[in-house]
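Below are two complexes that have chain A in common, paired first with chain B and then with chain C.
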Partner chain A sequence: PQDPRVLDSMLPYLTAYYGNPHSRTHAYGWESEAAMEKARRQVADLIGADSREIIFTSGATESNNMAIKGVARFYKSRKKHIITTQTEHKCVLDSCRFLETEGFRVTYLPVKKSGLIDLKELEAAFQPDTSLVSVMTVNNEIGVKQPIRDIGEICRAHKVFFHTDAAQAIGKIPMDVNDMKIDLMSISGHKIYGPKGVGAIYVRRRPRVRLEPLQSGGGQERGLRSGTVPTPLAVGLGAACEVAQKEMEYDHKRISQLAERLVTKIMCEVPDVVMNGDREHRYPGCINLSFAYVEGESLLMALKDVALSSGSACTSASLEPSYVLRAIGTDEDLAHSSIRFGIGRFTTEEEVDYTVQKCIQHVKRLREMSPLWEMVQDGIDLKSIKWTQH
Partner chain B sequence: MAASSRAQVLRLYRALLRESQRFGGYNYRMYAIRRIRDAFRENKNIKDAEKIEELVNKAKANLEVIHRQV
Partner chain C sequence: RAVAVGDAVPWQVVDHYENPRNVGSLDRNAKNVGTGLVGAPACGDVMKLQVEVDENGKIVDARFKTFGCGSAIASSSLATEWVKGKTVDEALQIKNTDIAKELCLPPVKLHCSMLAEDAIKAALADYKLKQGPNQEEAEKKA
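Right, the complex of A and B next:
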């Protein structure tokens, strides 16, 4: 949900202050521009950047597209190689696939069982013509937090630009682009309790990162992203960043407690539950659990009064098990039975308890009905069964 | 400007909680009440007059925000 403080900051720009921030000649434009620049500063402060390095976009998907396609195309005369991981967000993977059709080579790094990448594999993947490395900070499906600082060091040493999709991490864990040696960062508005339809991209100025713009037009946003900046949305994003910075510690502590409560309660009551992703290096608010011998979709339908998903919003329409879970080596059957629990600033203890109770109840019920469960109870090893072909 | 007295702070606290009860959305209502309580509890031992005034002003601003949205 959007934080009420964010809505409050946006209200004047949806009503009285309706000027176009790029109009230089009248007061309506000047006040909108002032608000837009203030929002830019608020976003920059959250990540330790300079406000000139922040470009407003329509969301993290656009930012990711800009970063990957933009950098790759700008340097394409000399550099044709990109490194990314198998657990990235769909927009990153799709952009890379698109670039492959344009003649680029992409290395998709595998991840360990914990979901973290192997730094040695990353080192080995560099080639003399690598232009960009893209690794997301916190995974949106399993909540795993990559070692961004270390990756930044390695990229700096190889003189390769480092892009990170920080949509799930911003405002929830401290991020500093200079400390972590990040050159490009994607930011999403609605992931930090701001409005949907706005995001930002951080593009480093020293040393300068050059991009080929995706959107041509009037040269707004330093020529990198033409188009009128949506003042109310940008103001909302700025306010969301400022609120997130103030509330980061309080939220993190609370979310960790609620996450601990959820996982402990479920695991105590129900056997054969696996948490996907590293236990330690994670963001507590995104938990992915696999319930063995239970079909994920049936559990979701049973829990239909709770907002859960198996996977993420962008892949919820497809019935295939998540590629992220496959990348961390989850067995097919466990991948089908995974559920993602998201806990945030506005989640209450009551909601967690309700979810836990319903979850336990339905898992037990579904297992009673499951022939596989019966077989396991009788001590049969499921992997040894030869299923007949029809 | 009169120093923020204990009574004034308590009045603000009650006003904030009362206004928050009027939130239609369950999550907003619960968040507001919880956050207000935790924030006041956290700052209850501050003695510095300037800091107190700053916090009181912030609370007043937040009261306005809630008032606009309930």
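Right, the complex of A and C next:
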């Protein structure tokens, strides 16, 4: 949800202060510009950057597109190789796939069972014409946190730009672009209790990262992203960043406690529950659990008044479950049994307890209805069965 | 606060999900019980459907267990309702399209109804097999 303080900051710019921030000649423009620049500074402060390095976009998807396609295309005369991982967000993977049709080569690094990449494999993947490495900080499905500082070091040593999709990490864990040697970073507004429809991209100035803009036009945002900056949304993003910086430590402590409560309560009551992704290197607010012998969507139906999601894919055309779970080596049937729980700043203890209670109740009920559970209780090894399909 | 529930899931599916009919198991070793097990855990859909047939070839009881989404559960639950009271041959006429229509399944969920039809057929085939090869020869001669 949007933080009410964010809404407060935005309202003036949705009502009285409607000037175009790029209009240089009148007071309406000047006041909007001032607000936009303040927001820019707030975003920059959160990540240890200079405000000249922050470009407003329509969201992290656009920022990811800009970073990957923009950098690749700018340096394409000499560099044609990109490195990324198999667990990135769809917009990163899709941008890479698109670049492959333009003649670029992409290495999609596998991940270990924990969800973390192998730093040695990263080292080995570099080629003389690698222009960019893109690795997300916190994974949106399983919450795993990559070793960003180490990756930054390796990229610096190879003189290759390092981009990270930090949408799930910003404002939740401390990020510093200089300490972590990050050259490009994608930021999402609605993931830090800000408005939907806005994000930002951090583009390093020293050493200078060049990129080919996706959007052509009047040259706004240093020529990298033409288009009128949506002042109210930018102000909202800035306010969200400032609030997040203040509340980060407290939020992290509270969310860790709630997450621990949720996982412990569920695992004590219900057997055969697996947590997907590394137990230690993670952001606590994103928990992915697989409930063996119960299909994910059927469990979600019982919890329709809670915002959860599943790695199952009955509704997808291919019936293939989550590619992130596949990348960490989860058995397909467990992938179909997975549920992602998100805990945030506004999640209450009552909500956690309610969700836990309903979850336990329905997992037990659905297991009673499950032929797989029945077979396992009878001592049958499911892996020995010849199923009718595949 | 209360969340408004729209038409995202057909109420027929929700009904079968919240009040499933005929969940459970029959004795698979009994001669007049046919058991069908279709689907695969890797696909996220497994249905077990069992029928109990009397000496007149009429299905007197049916049970199901399903690992799958709400539509899969509803499809198999409905299947057990429909086979009860039918003869074996009548039950073989049940089509997935009928199941899908009854439950107002959207296009993406049609495969659930197909699996339910497969489950019915598998259970009946198993029953027929258990009656012995003599049964099949007798049918062929007739």
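Criterion: the second predicted complex is superposed on the first by the 377 of 390 C-alpha atoms of A that agree within 3 Å, B and C clash if a C-alpha of one lies under 4 Å from a C-alpha of the other, contacts with A are read in each partner's own complex, and residues count from 1 in each chain.
Definition applied: a residue touches a chain if its C-beta (ideal position, glycine included) is under 8 Å from a C-beta of that chain, and two chains touch if they have at least 3 such contacts.
Fair warning: this is a prediction, and the values are worked out from it, not measured in the lab.
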item: A:Y193 touches, of chain B and chain C: first, second, both or neither?; value: neither
item: Chain B versus chain C as contact partner of A:Y250, first or second or both or neither; value: first
item: Touched partner set for A:L11, first chain B, second chain C, both or neither; value: first
item: Partner chain(s) touched by A:F346 [first = chain B, second = chain C, both, neither]; value: first
item: Chain A residues touched by each partner, larger count belonging to chain B or chain C; value: C
item: Contacts of A:F291 with chain B and chain C, given as first, second, both or neither; value: neither
item: Touching partner for A:Y202 - first (chain B), second (chain C), both, neither; value: neither
item: On chain A, the residue positions that both chain B and chain C contact, one per complex; value: none
item: Of chain B, residues touching chain A in the complex; value: 25-28, 30-32, 34-35, 38, 62, 65-66, 68-69
item: Complex contacts: residues of chain C adjacent to chain A; value: 3, 5, 9, 14, 17, 20, 23, 25, 37-48, 65-73, 108-109, 111-112, 118, 122
item: Chain C-touching residues of chain A, taken from the complex the two chains share; value: 293-298, 301, 304-305, 312-317, 319, 321, 331-333, 336, 368-374, 382, 387-390
item: Chain A to chain B touching residues, read off their complex; value: 1, 4-5, 7-8, 11, 250, 345-348
